[in-house]
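In what follows, structures are represented as structure tokens.
Shared between the two complexes below is subunit A, which has subunit B as its partner in the first and subunit C in the second.
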Partner chain A sequence: MSKINLTRRSVLQTGAITGAGLALPTYLSAASHSGFTNAPTGDTVTLGFNVPQTGPYADEGADELRAYKLAVDHLNGGGDGGLMNTFSSKALQGNGILGKKVEFVTGDTQTKSDAARASARSMIEKDGAVMITGGSSSGVAVAVQALCQEAGIIFMAGLTHSNDTTGKDKKANGFRHFFNSYMSGAALAPILADNYGKDRKAYHLTADYNWGYTTEEAVRTSTEAMGWETVAAVKTPLTQTDFSSYIAPVLQSGADVLVLNHYGGNMVNSLTNAVQFGLREKQVNGKNFEIIVPLYSRLMAKGAGANVKGIFGSANWHWSLQDEGSKAFVKSFGTKYGFPPSQAAHTTYVQTLLYADAVERAGSFNPCAVGEALSDFQFDGMGNGPTLYRGADHQCFKDVLVVKGKENPTSEFDLLEIVEITPTSQVTYDASIFGGELGACNPGA
Partner chain B sequence: MFGLEYKDSRMLILVAILVALAPFMLNPFPEGSGMAQFNAGYPDLMQRFVIFGIFAIGFNILFGLTGYLSFGHAAFLGVGSYAAMWMMKLLTMNVVPGIIFSVLVAGVFSLAVGWISLRRSGIYFSILTLAFAQMSYSLAYSVLTPITGGETGLQPKVTDPRILDGSLAEGTIAKANFFGLEMGSSFELQLGSWLFTFNAGYYLAAVVMLIAFYISIRIFRSPFGLMLRAVKSNQQRLNYTGLNTKPYTLAAFVISGMYAGLAGGLMVAMDTQVGAERMFWTASGEVVLMTILGGVGTLIGPVLGASAIKYMENILSKINSDILHQWFAFLPDGLEEFVITLIYPFIGKGWHLTLGLIFMAVVIFLPGGLVEGGQRIANLFKRKMPGKDARDNKS
Partner chain C sequence: MEAIILQVLNGLDKGSAYALIALGLTLIFGTLGVVNFAHGALFMIGAFCAVTLSRIISISRTIIDDSQTDFLGNPLKVDVPYVYDWFGQATGDVIIDWAVPLSILFAIPIMVAIGVAMERGLIKHFYKRPHADQILVTFGLAIVLQEIIKYFYGANPIPTPAPDAFRGSFDFGAAFGFDPNVIIYPYWRLVYFSFAAVIIASVFAFLQFTTFGMVVRAGMADRETVQLLGINIDRRFTLMFGMAAAVAGLAGVMYTPINSPNYHMGMDFLVLSFVVVVVGGMGSLPGAVLAGFLLGILESFASMREVLTILPGLNQIIIYLVAIIILLTRPRGLMGRKGVMED
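Showing the complex of A and B:
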């Protein structure tokens, strides 16, 4: 095999070009002169809406996106203004944010941390987004929150229910309006005791991943505190679609309550299996057998159909709430899209408005200023009653709904009824119980 | 050059120039213009181009040379990522130890998987590797949560030990660096309305990719590579001549596993986060698509395929209906709606559909992948110079 060496000249040329290419990045970035990443310079400001458009939570993602578009519309002075009319803070004028017209970019998280981060990074690096919001699972929310902390961008979490988001993995640049597993447990326990008694034996089926663990833990602790006994807690693979083999042992265990720590398609399938096995007609220990679903959503209730009737769970918000804020939101969402919003839509809409309001009050898009404006911010009129954005962990504290599958639904949206509105005081916990470090806010460049 | 034939060194230099100038070439449209949507010259995507390029180059060493179709390569990528992340958490945020360790761990893991899977060939081999990858995914997602972080994955924390690094200044977070040069730092060059970003992490990954590419050329041209090709063309005949092919296929498997580990380590170095989905079977399938789309068994093909797929995933998926409305605003209303209805299924969340169509078109019309497309175009021009052709044929 003959080997022909290149000429000295061409090797030198290539070397020079490569060398120049390599030397360039050693000049450190001095792109932003305003002291924080992606400071809006023109007369517009870009927000990044990062939601699952494909994958298991695509339904939630689509509803979130509708809510974001509605929020942008209202911020720019379009539509009927929605919750801006009922919001206790009156900083928003309907002329964009700080007079800048709100524009947005969208991305698909695919419910995968990697894809979500890629999409968020392209929003930050390419589109110049100054705030990222969205996410329909805790894994994605935690991943994107960490990215935003690193990049110096505010992250307003969407649908994420795991304790970790504002617990173990909390970040100074991340904020969550949605409630969490702990609150679900604390809100559900007293209702369960009232309805089913204090000497119950519970059997947990738990989705085998992070959110499942924290939810099981929360429900267990709060039910055991009022006298229930946990017979067994079995983990089920996330990809499981047929739960029959997990339901059968429940009958032999002597348990009289089944807790399904499942979400989305998992919950639809496990609940359907449990009902098909006739669990709900059973009598164990002289009591009716009961099923509980700690985290409920309308979209899940729709999937499970008639099986949800009479089953207890918790929710962040429901469109049938009768306060001014909820009515205003249902009205403007319904006018635009023709059906009532889900709780995912509600929380993402509220998060967008809360961000815009914080920027107005702070007078700057600087993440540190915005973070300060949101910390320990108290507001009302957003559909959940008086709410506190706690500064210690950037978690919202507000009333939690305990809901029940409706016995006689009147429409395909009217599937859940509100049993009780658990007051904030009952679901508040100490910020330090989950560990984690908030750290300092990072304005980026 | 470097013991390469003229043709190969020409290609290596061409690739080197392409990656060095990528920030210019990928940003052909000025900032703020309607076409800026199609710019790909931002750090994250450029990093992904070269990292998935490495992944596909490594995969091609196994699939392109031996013909063994592994459906579990994402597992090695994931294992490499976790290894690098732990090095960064425990040892130092300097990316070098992490990247080296990720290659080693992926090598050991692929040795174990290859040892078992290579007892079978053809579809049985593919299924075995697929099973291993899915096992790794499930383990990482739930059982091994203490090590892998489960669903929420792993990220550097302020409280990590990092025994080689000094303690962090108050209020700062640990950032991946290369001897002090932060991976996220970039130099921005404004030329008129064009903005070009030169990112430190990208150039580190690009240098690693060039080394990986060079090693792959050497393997392709070596007697070892020839033996692997022999395995592909007729393994039975090789066995009949008394040769044991297992050491060769196993070596190829481990090498390509190490390439995957290297890609995984680099991914963590560029973006300090690792999650279990990285090992999901669709990720294994993606690298197969990349290799086939670019051209199986060619040197440059896998890199082209990887870039094409990552481009579509990141650029097409971000076009939404509002952007379409902006583009076609000049059309009369009815026509605008009609055009948008026609295009809408292929953009945004429909990017998979576009990818599928292109993949089908490539497989049907260009079985040799994008490389074959390039060759056909080159041949069109060559025919005009019969003299040169004749001379080439003689040599």
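Showing the complex of A and C:
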């Protein structure tokens, strides 16, 4: 029988080492950080919805806000539960988030980066928002994402399509569900080749800001790879309303395709002007002249009216999809508001549920724990088919829709028809191609 | 050559809008001495008169079509415009199709009423105040007006197409011996230019050949003397404000098929129109028209790819560049009266 010498000092030393050893894995996991910005203390948790309530994208912002309110209602156990019923993860129980009732505050981005940052800062500092989400512009998304990174808050991006958001400007605290310019180009190119042939001359008109640049680059790269020639690419000011002086030279350029890398009011006006100039009735190089709008939005298509008929573009989601998730969301949203949701509403609703689900799975509101739960998370049932939230850049990878302006719409909502659901594999790319570094997660306080 | 002709044509319709707005601005400045920053909002309200009439004409009763379903799977509700019931579907379609031209008649009384109400209700209290005060109050009014429009009509552009008869474009190239499909110009823009020319000519004729116009011109030259003759010049100037509002409104009505109207469209034109007034000469009606067309054409040329390749961004500054040059070399503007802006 061996003799064990127990002294007070050795017991304390052994205890301390054992305790530290046991605690280390827990300490290293993000969830254990006790201090993080705006840690909820009562029985409620506050989310910050930062959307354009004034300015040119106010209607999209209004639809986003409707979707957020619906999501909060569902998270708190109200309504029919919406996408919580079809979501592959079953962590959400309709009892708030981690048992805390979800409340929200709203901010107005005005589609201006400085205003968006100011409203996000106010929601974080004054209202105690633990997560910020929203936006209808890539410039705004990039700006607010950087702010959230500094503040130690999770940012769940709304409608932002630039490669930069999860490319060169990506941040560890930022996550995007919406698709991007690269995916639009990759999805559109084969459809364009099938419909318009591989021998085409394209003329690009591009909105003069970061979304325009990345969209032009993506569409050029994809179409040139299949044999198209780019005859010219002209930047147009974001404030431009009459595009006639930009469209007139298209006729003399020898181009037989016009690509409008425009969104919002720019898209409505440039497309309207192009149709007025009779481009779609022209024959150039022995072919029908064609117009392409890489990023479609139903709300913008409504603004352009009959001019969208027959014009190809891409979309993140459309209410006419027939999967169970899409049907559930359309039913929920349509019953509450009387009209189908836009893709902006869909992505913001999904982002809210994804955040709440990640908190539940992580067991903490700590942004680093939530980030870990979202990274490389695979899910289904949210309207886009099987989806991966890639950990390397915090970009969602899922099917992309190629859509076309409907020739015979049956209602004011029935403006676009789905031409193809492009599989995820066709729009997936290496996370490093756009540069940028995620950096380290910042829990804040 | 073709490119030059095309840009001149482009400049004409843009210049038409500038000229019409600047004409109204100049009328107000010349008569009342007020710098009216709400004038762009009047252009926007005119455009929304077209939207409103279009909606009024399209007011419908709803019938249930059991053979179709809506997005929720319920029987589809189909709107049948009352004009179909009253005039038959064929005539009803024509009335709906011609909503924009019909809006001219709808907009004139509304715009005159808004102009008179604006002048009597607010602006008259600022006649003796500094120009800075006038700018602040009218700019504030413009923001209020556009927010009201946004509240009722939303923020997104509302398509308001031209009648089918004016859709498509005219091939100037084929008509004048150039290559076909190179110099083409939308029919509605030709209509807009012609309409602007008629309105401008009418305003000049009204001021030149009517007694009312003669009194107004006399008042613009020497208000006090006209008042000493026992003429109520204030009432006439109020009506001129209404007329200027109507001119801006009509410019807006006819502009709707060119660009779908939105609540912000007035602001897009406002600053440029002020530059037009300054370049043309404060208070000079012919100067406003001349500068409107001149700057519209210059702006079009500056947007040419060949020009932008050499001087990127020139299209964004060309108008202001011209304004700076004019203010430095000829402060009274191209056709301004000697002494105005030269103190």
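Operating definition for what follows: the second predicted complex is superposed on the first by the 411 of 445 C-alpha atoms of A that agree within 3 Å, B and C clash if a C-alpha of one lies under 4 Å from a C-alpha of the other, contacts with A are read in each partner's own complex, and residues count from 1 in each chain.
Here is the rule we go by: contacts are C-beta pairs under 8 Å (C-beta built on N, C-alpha and C of every residue); 3 or more make two chains touch, one makes a residue touch a chain.
Not measured: the values here are computed from a predicted model.
Using the contact criterion defined above for the overlaid structures, shared-chain residue A:N442 touches subunit B, although it does not reach subunit C. Of the two partner chains placed by the overlay, only subunit B lies in contact with A:G139; subunit C stays clear of it. After overlaying the two complexes on the shared chain, residue contacts for A:W319 are found with subunit C alone; subunit B is out of touch.
By the touch criterion defined above, A:L238 lies against subunit B but remains apart from subunit C after alignment on the C-alpha atoms of chain A.
Once the two complexes are overlaid on the shared chain, A:A248 sits against subunit C while remaining clear of subunit B. Contacts of subunit A with subunit B, set against its contacts with subunit C after fitting on chain A, overlap at residues 54, 58, 237. Touching subunit A in their complex are the following residues of subunit B: 1, 3-6, 9, 13, 16-17, 20-21, 39, 42-45, 48, 138, 141-142, 145, 150-153, 155, 157-159, 170-173, 175, 181-182, 184-188, 197-200, 202-203, 207, 221, 271-273, 275, 277-278, 280, 313-314, 317-318, 320, 348-349, 352. Within the complex, the subunit A residues that touch subunit C are 54-59, 232, 234, 237, 239, 241-242, 244-246, 248-249, 251-253, 265, 268-269, 272-273, 276-278, 281-284, 299-300, 302-307, 319-320, 330-331, 334-335, 339-340, 410-411, 413-414. In the complex of the two chains, the subunit A residues touching subunit B come out as 1-6, 10-11, 14, 17-18, 20-22, 24-29, 31, 53-54, 58, 105-108, 112-115, 117-119, 121-122, 125-126, 137-139, 142-143, 146-147, 149-151, 162, 164, 169, 208-211, 213, 235, 237-238, 437, 439-440, 442. Note for the complex: subunit C touches subunit A at residues 2-3, 6-7, 10-11, 13-14, 68, 70-72, 76, 150, 154-159, 161, 167-169, 181-182, 184-186, 188-189, 257-260, 262, 264-265, 268, 299-300, 303-305, 308, 315-316.
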